[in-house]
Amino acid sequence: MKDTANNKDYALLSYHHIPGVHKIEIFERAGGYETMKECFKKEPEAIKEEVKASGLRGRGGAGFATGVKWGFFTKDRKAIKYLLCNADESEPGTFKDRFLVERNPHILIEGMIISAWALATQKGYIYIRGEFYQQAVILERAIKEAYAKGYLGKNILGSGFDFDLYVHRGAGAYICGEETGMISSLEGKKGQPKLKPPFPAIKGYRGLPTMVNNVESLAAIPWIMKYGAPAYKQWGTEKSPGTKLFSISGDVNKPGVIEVPLSTSLKDIIEIHCGGMRNGNKLKAVIPGGSSAPIFNAADSYLVKMDYEDVAAKGSMLGSGAIIVLDETRNMGDVLKWTLEFYHHESCGQCTPCREGTGWLESVFKRKEKGQAHISDIDLLDKTASSMRGQTICALADAAAMPTQGMIKVFREELEAYVMTPAKVMTKK
Amino acid sequence: MILKADLYREHGFLKGLYLGLKVTMLSMLRNLFKHDRMTLNYPEEKYFYSDRFKGKHVLTVKEDGTLRCTSCMLCATYCPAECIHIVAADDSDKEVEKAPVSFEIEMLRCIFCGFCEEACPVDAIRLTNEYEMSGHAEQEWVADHYELAFRKSLNNGKGIVSTVDDKDRLKLRL
Amino acid sequence: MSTTETFEFNKDNLATYKEYLTRYDDVESALLPVLHLAQEQNGWLPDHVVSYISLLMSIPEIKIKEVISFYDMFYDVPVGRNIVQVCTNISCSMFGGREIYQGLLKHFDTGYLTPTRDGRISLQKMECLGACELAPCMRVNDDFVGNLDLTSAIQKLEELP
Amino acid sequence: MTEVLKTEKVNLKWNGIDIQAEKGSNLLKAALDNGIEVAHYCYHAGLSIAGVCRMCMVEQDGNPRAFPSCNATCGEGMVIRNDTVKIKAAVESTLQFHLLNHPLDCPVCDQAGECGLQDYYMKHGQYDSQMIDKKVHKAKVQDIGKNVMLDAERCILCSRCTRFTEEVTKTNELGILNRGDHAEITVNEDLKNDYAQNLVDICPVGALTSKDFRFKQRVWFLDEVQTTCIGCETGCSVKVSQNKNGAYRVKPVYDHDVNGHWMCDDGRVIYKHVSSPTRLQNASENINGLFVPVAELGVQAIVRGKKPKYILSTGLTLGEYAGFFNAIKGSRAEVALYTLPNLGPEFDGILRRGDKNANLRGAKTAFDLAGFDSTQAGLDKVLNSISSSDVVYVVIPEILYNEDHFNTLINKVEKAGVRIALTPGETLSSLRAFNYLLPVPSFLEKNGEILNYQGAKRTLRAGLSYGETSKDVSYYGKWVNV
């Protein structure tokens, strides 16, 4: 596990260098749960204001301002409400939540307790993906320790506020990363997204108000409450303040998770934080924000600054901050094939455009294997992708369509060449 | 040979008569000796129409000899004379699913317009160039699917195999 | 409905089931954890397990079958003692994840999820497992094994009980 | 206190047309009620909103994203369009997505002619499909019990049937297994509820078809007559599909205060006796077990001079009762009413009721008006007072659930000299006890009204006739003074 030395002064990984910080005693000795104790002295509204002022944006993928999202929540503190932590993290290329929770589960728990106190939710669930079994065990143990210390359960720190926190394991479905998909899964049903409106903040889990936040968003709350919003805004830009966890994989020498302020340039991330390109190959393309983000060619990659506005300006999206670096030996056709195979496998099958569309997009590449694909299939891909966008309940159809159209826009010739060559004929024994 | 109307006036009766009959006499002599007469001695010599001729119907069959018809009733719907009566039922082979139990055409009512041929989506019914459909009155003139598909004149009883393969309709099933 | 086989939770599984119920405000929400529990005990989730859970939690059987067939990690077909999930997504396929998966299939001569002849291993082609820095990686039962190539993968799987 | 809910009306614009609807009511329902054609598959007025077929997408001024109108509510002054170029292209491509993995089964599919895909294909279709790949295969031709056949390949996964078994019958038999385009409709073992054939009506495609109607007839050869089911006292509004060869099937018609959108399975078979080959065609005489046609005058001659006793059934219309009673007014005929025994629970929770007498209330009022005793005691009095010199007319009930209860009545009538049965339906073997059979029209061949259990009037309408239908009960009533 890579661990950059200069993380001490950043928000999320500031405890990561301390060995054994997953134990509550060591975490508290390093200053953990102090801010939670102070927060219980503060008014919940003050906490909400602070988070709103900090301009923290949702780190899951949509980038919606967490403070504003909290604003939609009912103010009636007596009503039964839920706080869900979205730890499903199945976006290809993303492993920041796992890295964060594996080493330091308590920062997430502290963040959830503070949020629960601010939003007055009685119950909270950490929905973690089924494949992260060890991480679920670590979280479960940390929660037990927190219960033992009285930071969870009934009448926390004598404040009369009760908050129960549980871990809920998923069972392998990318769609459960979508807010309402996760809520359906938590309700014991197929993880199929629900119709919006009504939005979860008004009518979510079991028809009651539900606040769903990503692991990274909740884990940033303690630092914001400790050092205040202005300190958080020193990093990043006016519209995208604060730091972001980037999970870098692909052709770099040191793949892993780094925490850098937003609008750090992609060039620095690759050259400085990840030790440059693997065996010195030339950069060809970068997927900036997970598989649902349209791809950048080499030129754009060196110019772009990693924050929500600049990445969007260059035609992609920051998403979950999963950077996949591709050098010149990589073939873009394969990358698109794998992406579309992923979306065909993960579509939940509820809405027709996405259920049949993802299958059809991938079928072009299945035809390519048999050598029956034709150059006009690129236009078929483009037309199908554009007719899928904006037609479905959740954004999976868009997540399948945008990279397809992005790839066609940027690497059209290579795709056409790729489509016309059938799979390697197994002549050799 | 255009016979001039005013022949008699111009040449008198006898000469007019001779000129008039010359045509018939010449053709009679030619027929007697050159034998290129138009008439056919039916039934020894029969006239064979081209395949486009709209004569007696045939129900084509698949390779395995079963009727190509899936009894989708389009021909019965499209038939202006409403003389096609089909009764459908479950077919034992799940792949085929539906097949006709009885397929009858009232030959007297049929006007041989060929609409059924056009309507059929699977080329199950065609109009052949057979025209010998005579029969006695008491024969009820209703051709059942046995006669329509497996009569003697059709590949002596084995039926005509339709080129539209069943797999075509389900072509995407491969 | 194979009436011959029956299934019920053993003692401590029943206790954990009771504890699960206390976590949620309604019974249906506990379905996924209960299915995980049942799959740990029985290896996979055949019809008689479904009917037992349906009786236990009074959830219609078709709803449980829907959930089992929806998620990748619930199996309605018999699987081997060890589940090996090989990642074939973008970052791992770049480093040969797919060739490793095909190689393992050929080596153990099995198909997707069908257990090997000695019932030891079931191979499953999975999407992104969230361990892309260890690309190409796979999950053996519950732990990640990364930076693989075909020989190290085969060697790792040979050691499994 | 019954506070009248003032449904506040809002008016909104749909494609430039002004329509009115209750505030907060479903937007798509408002459009459909005002006769605006909106393509939709998964929306059904009697079920919850699924919003999965994505056909009813609309645009609203001021709302950048297109949204499904089935999930929206009516608000004041909304300007909705679904004929813009963008929406038309969206519906066209969504329809192509629906047809992508749909099998080319139209020749062998019963739904052809009334299939949702065929109808919208003509209006919104793209006509040249670009799909050349292998289609996804699923289980075909499955018999899932209760006269319903399932073909999972034709299913477009609109989830109407799963919502039906979850919300209306609450028996949860149907579900969608697997994920993505391998998702497949499956039944848990088999169908058990008594409303299973409603699934056939609500399925917009040929995935769920009726086994009773399987391959019987093409729907464009059938025309429909709207009438009322006489299977029990609920009196659901139904339509019977029929043509000159016979009646083929019964489907429910939306009726707000009686049966809503649904109908029970018993009602599905009430058409069978109307056009069955053993239907009584003309007056016939029982010569040692065989019914031989006879001249009506002959029967009148035999009846002359005997004391007539009439036993009416509860399935007749108000008009027939009235006509019969003023036909026999002033004569010494005795009339009694045979009421069918109750069967099953008093009310099964959805529609079906235990009391199987379709027009019991109408019969009772007509009897009281004419001064006859319509109770069981009245019937027993008439039955006991039968002597060999009497002639007894018995109107045979059309739907006989409990044969042996009716046989006890027949045994009592045996004492009479002349026994005449007025049969609207088939010549059953139990009718051998009667000397003469006289045809009366069945429920599908007469116009009239019946009173259902709420006392609400429900009309019966005559479709095609398959037997002697000019002579009804009042015609035979006149024989009293012959």
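So that you can tell them apart, the chains are marked A, B, C and D in the order they are listed, and the count of residues begins at 1 in each.
Quick note on the criterion: a contact is a pair of C-beta atoms (placed from the backbone, for glycine too) under 8 Å apart; a residue touches a chain by one contact, two chains touch by 3 or more.
Worth saying up front: this structure is predicted, and the values here are computed from it rather than measured.
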Message = Quick check: more C-beta contact pairs at B-D or at A-D?
response = A-D
Inquiry  = Based only on mean CA positions, could you tell me how far chain B sits from chain D in angstrom?
reply    = 46
Interchain centroid distance [CA atoms averaged], chain B/chain C, Å = 66
Query = Counting in whole Å, what is the centre-to-centre distance of chain A and chain D, each centre being its mean C-alpha position?
reply = 54
Key: Distance between chain centroids, defined by C-alpha means - chain A, chain B (Å)   = 73
Remark   = Touching at least 2 other chains, the residues of chain D are 131, 133-134, 176, 178-179
Ask   = Listing for chain A: what residues touch at least two other chains?
value = 173, 190, 345-346, 348
Query = Residue numbers in chain B touching 2 or more other chains?
reply = none
Inquiry  = Building nodes from the protein chains and edges from chain pairs that touch, which of line, ring, star, complete or other describes the result?
reply    = other
Remark   = Residue positions on chain D within touch of chain B in the complex are 103-108, 112, 131, 133-135, 137, 140-141, 214-215, 218, 220-221
Remark   = Contacts from chain B onto chain D in the complex sit at residues 70-74, 76-77, 88-90, 94, 96-98, 121-122, 169-170, 172-174
Query = How about chain D: which of its residues touch chain A in the complex?
reply = 49-54, 57, 65-66, 68, 71, 89-90, 93-94, 97-98, 100-101, 130-131, 133-134, 136, 156-157, 176, 178-183
Message = Applying the document's contact rule, which stretches of chain A touch chain D when the two form their complex?
response = 173, 190, 195, 197, 344-353, 355-360, 363, 366-367, 380, 384, 387-388, 390-393
Inquiry  = Under the definition above, what is the set of chain A residues touching chain C in their complex?
reply    = 2, 80, 89-95, 97-98, 123, 129-134, 164, 166, 168-174, 185-191, 206, 247-251, 255-257, 287, 291, 322, 324, 326, 330, 334-335, 338-339, 341-342, 345-346, 348
